[in-house]
Amino acid sequence: MKFALAIYAAPFSVQASQTALHFAQTLLEQGHEVIRVFFYQDGVHTGNQLATPPQDEQDITQAWRALARAHQLDVVVCIATALKRGILNEEEAQRYQQPASNLAPEFTLSGLGQWVEAVVHADRVVTFGA
Amino acid sequence: MKFALAIYAAPFSVQASQTALHFAQTLLEQGHEVIRVFFYQDGVHTGNQLATPPQDEQDITQAWRALARAHQLDVVVCIATALKRGILNEEEAQRYQQPASNLAPEFTLSGLGQWVEAVVHADRVVTFGA
Amino acid sequence: MSTLHTVNKSPFAQQTLTSCINICRAGDALLLIEDGVYGALPSAPTAQALKALVNDRKVHLFALEPDLQARGLNDRISDWVKVVDYSGFVQLSTEHKTVQSWY
Amino acid sequence: MSTLHTVNKSPFAQQTLTSCINICRAGDALLLIEDGVYGALPSAPTAQALKALVNDRKVHLFALEPDLQARGLNDRISDWVKVVDYSGFVQLSTEHKTVQSWY
Amino acid sequence: MSRKVLFTLRHAPYGSAIAREALDALLATAVFGQDISVLFMDDGVFQLLPEQAPGGLPQKTLSSSLSALPLYDVEKLYVHAPSLEARGLTRDELALDGLVSLSSEDVATLFSEQDHLLSF
Amino acid sequence: MSRKVLFTLRHAPYGSAIAREALDALLATAVFGQDISVLFMDDGVFQLLPEQAPGGLPQKTLSSSLSALPLYDVEKLYVHAPSLEARGLTRDELALDGLVSLSSEDVATLFSEQDHLLSF
């Protein structure tokens, strides 16, 4: 089946981010298709490649990056809620004259339209709230 | 009186961050001393200088920066919970070989000892939880 | 068409599970995840309502095994709660037409 | 020595205010802030307990004015709730020896 | 392709950004021509109180944004009656016209008619 | 200068990072020689359940970290008895020894004896 996942929860702060990761891994293991993962609200922090967790804790951002690379996942970070929370790619950093960018390269910064498109084409939509 | 403030709440996500800001402003207006503001847990996102909120929303990070400059406030971001959440100064970015840093210059990245020291010397400790 | 409901908040702290219980209908499934698994305890304020949901209103009730295990709850849950792993979570989400997340 | 308690969660959604009410003692103050100001409504599940707190247990009860105003609650709150602004919040924190934040 | 999508809004305004960011998601979905229903439930009904004035926070007024929903052709607007009653509110005093009251059983039926359920 | 500081822990473990990060703050305060008391209350008592095994999450086991508190000379350990009772738990089955049970009134007294109250 075609799944679209919405993640509203910050990594490293609440468990929902781990739940979503585990759910996505299981979906892919079972041969389902994840047509898009959309990070919204505090979920956008998942795309921050500067996250440097201690060695004895899971690096959720790295885990999503690895999953995205292994399965060519379409992982989208909502541009409006990300800018507000200080998650930027190089293009937006330049546009707003910010001194640096921090979005991991596996993530795409895009609008809510990407989410609506995924909802339209998905057989199932699953939300992971904070 | 000498106040120490602890802020555990993310800016732009929950109101507690605005409440803390307003409380600190009022303390200073009334002649109280804010000996330290300690950002912990999701509060550390307050130090992210890449935050780019839309023009019709309050820029909480800028408001804290302005308050810190105007009153020479000691605003400390907890280093352990900040690194985990991807908030780094240049020194830590180099140490962990991260491609960029994002901590606003008005904030200091430091350990929990700074918080304990503030608690010891404060007449009042006020916590702003998420 | 039936719905899979997920609940991730403790019923001792929040009203989330109660809200979900009021909306479940026959054929739906309710999956307790994260801190929601405290709702599987017989001492939970929602315990009688959940039992009635299973027995009288024909709702299927589950709790996510790794979340029970993390919290030390495996041997403490009510016997009307079924335990599933992530494969079960995925299967439930395919068997029901929609998924409602209560958080 | 007395304590200022702050509560920032809606009593319709969370048990936070109830927990605080059980711990308040005579001479303490309780300040409702953020979504906690919904606790100032007469319809709140905690309304009778709060009234008893004020009348029988001699606890001072306040709600933060800008938070009431934001939510459209100014004309709806119980008459045993006093309204304060941020200056009042600061003053309460100086008048009591400690501040306990319930969130 | 148009899908039947229900937005369930269960959180109070201002205390968190959920209500505001839910509205943004709702309007985006409306703009893309989906068949949207909106349900206010639990503390989400507080989004509908009139006379909200968050100038002091400062945040934008949510109720006035909500009243623009019909302009986006979002016209299937529901409120969970037991949530209103528990809060001592009546449909007539709310800042949004055209709300249909639903019992818990009605909400279950509404859920069953959707292609997708989005919750905020 | 040593201050009397009470840590009140009210949140369940694993669902959020609060319990873990509270413990870090607690141990740091102990290392700096303050006069610390710890109170487990509301869902915070779930931090004390034995047989926690979060390997699948993956997070570190909280209860085993808590059992190290006496090594840090944190020995004033309290549990709110009504919180335990409401959850069907007894003091004897918890993963931490030396917990003193307090009524709500006792907790109010404990609060009144402190220089500062830190809540997590």
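In this document, chain identifiers A, B, C, D, E and F correspond to the written order of the chains, with residue numbering beginning at 1 in each.
Throughout what follows, a contact is a pair of C-beta atoms (placed from the backbone, for glycine too) under 8 Å apart; a residue touches a chain by one contact, two chains touch by 3 or more.
Just so it is clear, the structure is predicted and the values come from calculations on it, not from any experiment.
When each chain is reduced to the average of its Cα atoms, F sits farthest from subunit E. Each chain gets one centre point, the mean of its Cα atoms, and the points for subunit B and subunit E are 34 Å apart.
Note: centroid distance subunit C to subunit F, computed from Cα atoms, is 28 Å. With centres defined as mean CA coordinates, subunit F is found 26 Å away from subunit B. Under the contact definition stated at the top, the residues of subunit D that touch 2 or more other chains are 8, 12-13, 15, 34-35, 66-67, 98-99, 101, 103. Chain contacts: subunit A has residues 12-13, 15, 41, 57, 80, 125, 127, 129 touching two or more partner chains. Annotation for subunit E: residues touching 2 or more other chains are 14-17, 42, 57, 59, 116-117, 119.
Of all possible chain pairs, those that touch are A-B, A-C, A-E, A-F, B-D, B-E, B-F, C-D, C-E, C-F, D-E, D-F.
Across the interface of their complex, subunit C is touched by residues 11-16, 42-43, 46, 49-57, 59, 63, 86-89 of subunit F.
The touching residues of subunit A, when paired with subunit E in their complex, are 6, 8, 40-41, 80-81, 111-113, 115-117, 119-122, 125, 127, 129. On the subunit B side of its complex with subunit A, the touching residues are 10, 12-13, 41-42, 45, 48-54, 57, 61, 80, 83-88, 92-93, 96, 98-102. Taken in their complex, subunit D has these residues touching subunit C: 12-16. Taken together, the subunit D residues at the contact with subunit E in this complex read 8-10, 12-13, 34-35, 38, 41-43, 45, 66-67, 69-75.
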